[in-house]
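Below, each structure is written out as structure tokens.
Common to both upcoming complexes is chain A, partnered first by chain B, then by chain C.
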Partner chain A sequence: MPLSLEEVEEIRRILGREPTEEELAMFEAQWSEHCSYKSSKLLLKLLPSEGRHVVVGPGRDAPAVKVFKDWVVVFKIESHNHPSAVDPYNGAATGIGGIVRDILSLGAKPIALLDMLYLGNPRNPHANWLIRGIVRGISDYGNRIGIPTVAGDTWFDNAFNSQPLVNVACIGIAKPDKVVLTTPEPGDLIIIMGNSTGRDGLLGSSFASKPLAEDVDRDIGAVQVGDPLTEKLLIDVIQILIEKGVVKYIKDLGGGGLTTAVCETAADHNLGAVIYLEKLHTRQSLTPLELLVSESQERMLLVVNPENIESVARVLDEYDVMYSVIGFFTDDGIIKVFYNGVKVAEVPAKELAKPRPLRRASTPPLEVLKGLKPLYNLPPEPNYEESIVKVLTSLNIVSKRWIYEQYDHEVGIRTVVKPGYGDAAVLRLLDGSRRGIAVKGDANPRYTYLDPFNGAANAVAECFRNLVAVGSKPIAIVDELNAGNPEKPEHFWYFEMMVKGIAWIAEELKLPVVGGKVSFYNEDHRGKQVKPTATIVGIGRVDDITKAMTMDFKENGSYIAIVGVTYPELGGSEYLFRIFGLEEGEIPRPRPSSELRNGKFVYKAISLGYVNAVHDISIGGLATALIEMAVKGKIGFEVDIAKVFARGIQRLDEILFSETQARYILEVKGEYLEDLLKLADRLGVKVSIIGRTRDRNSVVFTKNSTVLVNLDLSYLSDIYDKTLEEEIEGGV
Partner chain B sequence: MTFIHRVEIIITNKKGVKDPEGETIHKHLILRKGYNVVHNVRTGKYLLLTVSASSEEEAVNIVKEMCEKLRIYNPVVHDIEVRIRG
Partner chain C sequence: MVKVAVLKFPGTNCDEDVHHVLKNVFFVDSQIVWYKNFSLNGWDAIIIPGGFSYGDWLRAGAIAARTSAIEELINARDIGVPVLGICNGFQILVEAGLLPGALLPNESGRFVCRWVRTYVERPRGPWLSLTTEGYEIHMPVAHGEGRYYIDEENYQNILLKSPLIRYAKGDNPNGSVYDIAGVASEDGLILGLMPHPERSSEDLLPPRGFRPGGRIIFESLVYSLKRGW
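Right, the complex of A and B next:
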């Protein structure tokens, strides 16, 4: 987004003169939405970010959370939506590169990646091409830097045909005393290490801060190519530099390039800086302006005390990592930039780093009435067996094997619970103990489109349940808000409501939002916004990984229990969309106090060893969740849906497919049934025992003694496993 | 009357777009082994097709159209060269 006239006026006021060309480019890069959060800053202050686990909250490249006494987890989420729409392969790959460097900037060792992809319809040729490119870009880059992709979330929807959402997260671990938290001081040297600077990605964050143009060919400068080999070197040398204790501060050169990295570091520590641009190592001959705002990938800024420069240089030389000492920090708060002895820019760091926040106009569009409409005249219920098959084969539900099998999810032998088998991934700390962490990413674009406040809250709640379901204690979350054009009040309203929904439920669930990212301008060339989407990534603490829980049924004859109360909540459900083609109705209510109560119960039941398998109930409802457990365990079941504890139900599809929050399915070991029910009683949790697992090749739903559904398990497994691949490989 | 033609496709990153693979081969292999006379390396993808068509020109046109339609390359990032193999 070029600077507005008011902004140029503001810059004249700050400088007290006409800005130079270089200064204007610096302001344009830094004051873009992507770097400065100017439209979102005021609302993001609503998010609760404190807590006894929080070591570093929002503000740095990544937050850090003390999960165990002797381990901190550094984790962060990022979007690469715009680059991936133009060049899906490189766009998605460089997204991985960027998020990994955010984790490195705190001195942590990256151990896992998550990818949350909201993609178009695979039968649309353009969307299909984007899907393949994005998945291959992530897998090539992730596999080459040796970090496993362990979990994620996927959604397919026509709304994302031309503008997909590519949200990636990285998890790192570090010893508390090794996290880089020292303060840069005047006289400290500024080193840029990694790739040489080129013309690639020129003003890329400015590109990401405007709508997608129809003719994207002209945005060639914004295309960045990932270089995983250099990234791997950066990962390795940073571990060594941290171990030696010779760097004071690290920052990624991401959006806004050199300008953003220098001015934010200076502004955050009340410093100024002197920069000699000609010292920067480059790939081609560049003008001072280009040097300031190029977004070449795989570069990082190091702050080093002059007496340590020799030992830093030795490490970088030894690993063949290119670097240049480009200047130093000062105490005057002014950034002075020289090129071959000529001063090209002189700007106050704070004013450059932090433009005045804007309070954008915000109005609900008429379309949101769809999400307020109670469902009272649905078409008659179709055949239950057909409905179950149709919902199970929705691309939002079927196995995502086609995607995660392209990723290496086992490098580093940390993964205890693998993709597809648990509601979250569980990773070993690998420090000789049995401790570990659980991670998961969640969103539901349909919910946030119909009701952004409650939809975003439900994404937090689902993440909470997923973490609990594997036997972990949820500790903290980060959020990625993918919204439309902030200059349009009817787009901005969705963003505002998503922030407020997350802020509300995070407070209720006592889950601090320790960091996050905002992506605006997710609209197509006709100005239509994609489905606004709030993506949540959460981490949980696992005290004993040998007790980590998966969702597959384990034995014949155990009991099937539903935790929580089922309400007739079909609004915005996968059932409604798949069966009747409707995207409307009140979405399921967030139920934070039920989440806390039921979550505590499930956590206890797992740690006491009462259960064989746990699965949260989310899209597709009860029927879908049960079948997933059966398919993954290759064990059938027979349940009586009349036994499900429910309120206000008028039709059976409401029991089978309602997406009421705060519910789980447990496979309870026979000998512990009584204990489990006593525990539920003590904690005031509603539990209904609805049937048993059966070592037969069928899944049976009855109502009292009438059989409603009797489906062949092998058939269900087959379609569950193969549908996505068939849609992507054969659909076009 | 159709003949069999051999058609080559060469896909490379556009001139202004970085080529990390080429840079790595250049810096970490070629220069390291002392071939200082080599100044630059660009990599790409090569496909060789045998095509039935009435003329060389038609064969090239069929392949060009196929590359566009099947998105064998990304026009935003890549240059493509389609030619008859002599």
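Right, the complex of A and C next:
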């Protein structure tokens, strides 16, 4: 029972009497970590959430950002880690359902989904089962509701074998005057529409607010089951209701079910409510307690002025959407719940909605010293060709085609830059203009495990670079913090550091963190936390989608430029892990001022038409990024790594595989080389021209005139394309 | 003025895409029609777009094929109204018996979303009137149940006498027999195909190496409705 003794005492004080069974369940649901953010609230205030674009910040179901004068983007991230560990298919599917309804609650039209998956080793049978189930769950649900899954992030690591992280995000667009921001008033009716309430997902948010049990199957009743057809109907009817202007306020019934939806809506507007539980449409006969805390999916709360009830009902009937009018709002701030004439609960909305924040103890564990270890005695450099192949075939790097081809990423006909082609997805607004938005999700669990502050900051920086690389201007981010048990100081410390890292760099990069989500208790039944992971989803503004940039080399003979300075930063790198099996060392330092300067330069170079292709340098370093560009463009290259602008380098593998931040690779059109260098000079950006693309079937790295690496491009393409499928389909 | 109905069932999700292409790319008057309100009267052509009608319960397209809207549609053949079924629309037409064969789960067992090359054989009728034998069309597929199946006898006797769309060699994404991507009635009045022409009708959308060839299907319709086929 996640309510602590102190909390029960607090409830007695609030009510001035012994709580009823129903009231206790309501408090348990609402005061769960998942719904109330009680452990995280104080620290989350550190995040900069303001900016001139921000229309709705944290607090509502989803934030809204004014990306263009006449378009608002509503976007949010969510985790479904616990349900996905127990029932990967339904857990992941309902994660999609929930995040979409958050976007709908502001009256926006959902246009894209992202999935950020931190998964186990596909050769581990249990992890393999989880991977297939999760991807299939997202595929089946996302495809059926007609929202394209356009981007994401994937990581494979033994640390996630039994507890994967399933983070999903949804992007919606709305006209500024249609965003649902009106205020519910006393006398307004409360309608629950959508799926009938059943016994699934009972106290699911409370289940998500404790560690996984050893026998996870016992928690199966806490996992919700998805119904994408109903979700699709909700999407359709909400667009119609918004167009007709007959709904005042919308809220998702997510974690905490009916209790959370009613009490948060009431508390946020200084209202009370009267609820008649027997009016709710149900799948089976349920007790009042179950009705209050069931987390059955595809349900939404509508607030409707009594005079509009008929037109709302007409639309819902026409589209075969079930609904029930279950009560109304009052002005007394008290939520009264009746069941067949008997009062089963009477609680003050505000006290129920917002438990007292907890100040959790925080201590760095000894393990974190790994992230401070200097790498002064690395083994000698192995053969470069073998290293390149080994790093390229890391599952964290190879093509994710096996995953993204299972998602309909084309529906909606907005996806201009598609999965596998660019550093971020680009979607057009489809309003007759050339405008669009870029979206991307990023994290690096290894970085945040070794150094949560800098690791989380690097995730923000990588997201920033990915958005720039497709030719967009980064506007805002949301974050999902996946951490361990907040009751354990040495777990909570990671959470605290991740928040602080994001807060710091977001301020530096002037990227408001407009919303987010926290997921605690990501530990296995032995109490070992998974790699704490800060997932960032960002949106960028694209003024002209016809100039959206991809990463594939386009032409023979164009110049290859590296933007930024390369430092010997192999700590926490993919190279170190793949080649030497080491997960240690100081991770690459976040470099916000270089990010801003280099980002501005790349953005300019793209809009001036100087470049054919752009790719940011991230895990796997320079060598990997170059090969990815060659593989995708089916055009080889020859580069001289002696020409890379670097500092403090002692070994060549540091140039090839260092994961120094704030760097990009550009394919520069020959005729614009001079202009590009002048632009770099003017903006104070370090650019090194290291070679040219070659229409030959080889990739060549030299040092001065010595050939270090000469690999066959078709071979590299082949392993890049097929490795993931082989690992998952043939790995067990 | 030409008017095209875009028929929408619960779970249809490409209705707005088809509507957009008709209206904004080809300037054709079109309307999304909710299945409950559908009747055959007054339409020059009918398109059943993709999606997951009734959530693909039972089998893809099976429930929609038994609605009154589709019963109406069966008369379309008699009065000569062109019908196009895309993806789930194709599945519905097959389930309703308006086109031969069956659509089975993909050979891989997985949903697949990918751009493919297809080509046309024996073009005939309003949907392919501007194409020629062997005409290449690039379009994306996005389906879990798109493996076309027909037995040898019906293939020889029916399909080889009708217009056909096949995946180019090596591009068959689902294990369809004879690489079949789309089939039509003998006169070409009714066409069903798994790939999405509406996703391949604008220059911006195809990835590198592909062309927006799907537009030829809508262009053919516009042309044919004016000049006959």
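List of remarks:
One rule holds in what follows: the second predicted complex is superposed on the first by the 731 of 732 C-alpha atoms of A that agree within 3 Å, B and C clash if a C-alpha of one lies under 4 Å from a C-alpha of the other, contacts with A are read in each partner's own complex, and residues count from 1 in each chain.
Criterion: contacts are C-beta pairs under 8 Å (C-beta built on N, C-alpha and C of every residue); 3 or more make two chains touch, one makes a residue touch a chain.
Not measured: the values here are computed from a predicted model.
Superposition of the two structures on chain A leaves chain B and chain C fitting side by side, clash-free. In the superposition on chain A, contact of A:594 is made with neither chain B nor chain C.
In the superposition on chain A, A:519 makes contact with neither chain B nor chain C. In the superposed model, A:418 lies in contact with chain C only, and not with chain B.
After overlaying the two complexes on the shared chain, residue contacts for A:558 are found with neither chain B nor chain C.
Comparing chain C and chain B on the residues of chain A they touch gives the larger count to C. In the superposition on chain A, no contact is made by A:448 with either chain B or chain C. Of the two partner chains, chain B is the only one touched by A:86; chain C is not.
By the document's definition of touching, neither partner reaches A:533: not chain B, not chain C. When the two structures are aligned on the shared chain, A:458 is found in touch with neither chain B nor chain C. In the superposition on chain A, contact of A:20 is made with neither chain B nor chain C.
After superposing both complexes on chain A, the closest C-alpha pair between chain B and chain C lies 5 Å apart. On chain A, the patch touched by chain B and the patch touched by chain C overlap at residues 227-229, 320.
Residues of chain A touching chain C in their complex: 136, 139-140, 143-146, 227-229, 232-233, 318-320, 404-413, 415-416, 418, 421, 428, 430, 432, 545-546, 550, 552. Residue ranges of chain A in contact with chain B, taken from their complex: 86-90, 125, 129, 133, 198-200, 216-217, 219-221, 223-230, 283, 296, 320. Remark: chain B residues 13-14, 16-20, 23-24, 28, 71, 74-77 touch chain A in the complex.
Residue ranges of chain C in contact with chain A, taken from their complex: 10-11, 13-14, 16-17, 20-21, 24, 34, 36, 50-52, 54-57, 110-114, 140, 142, 144, 196, 198-199, 202, 204-205, 207-208.
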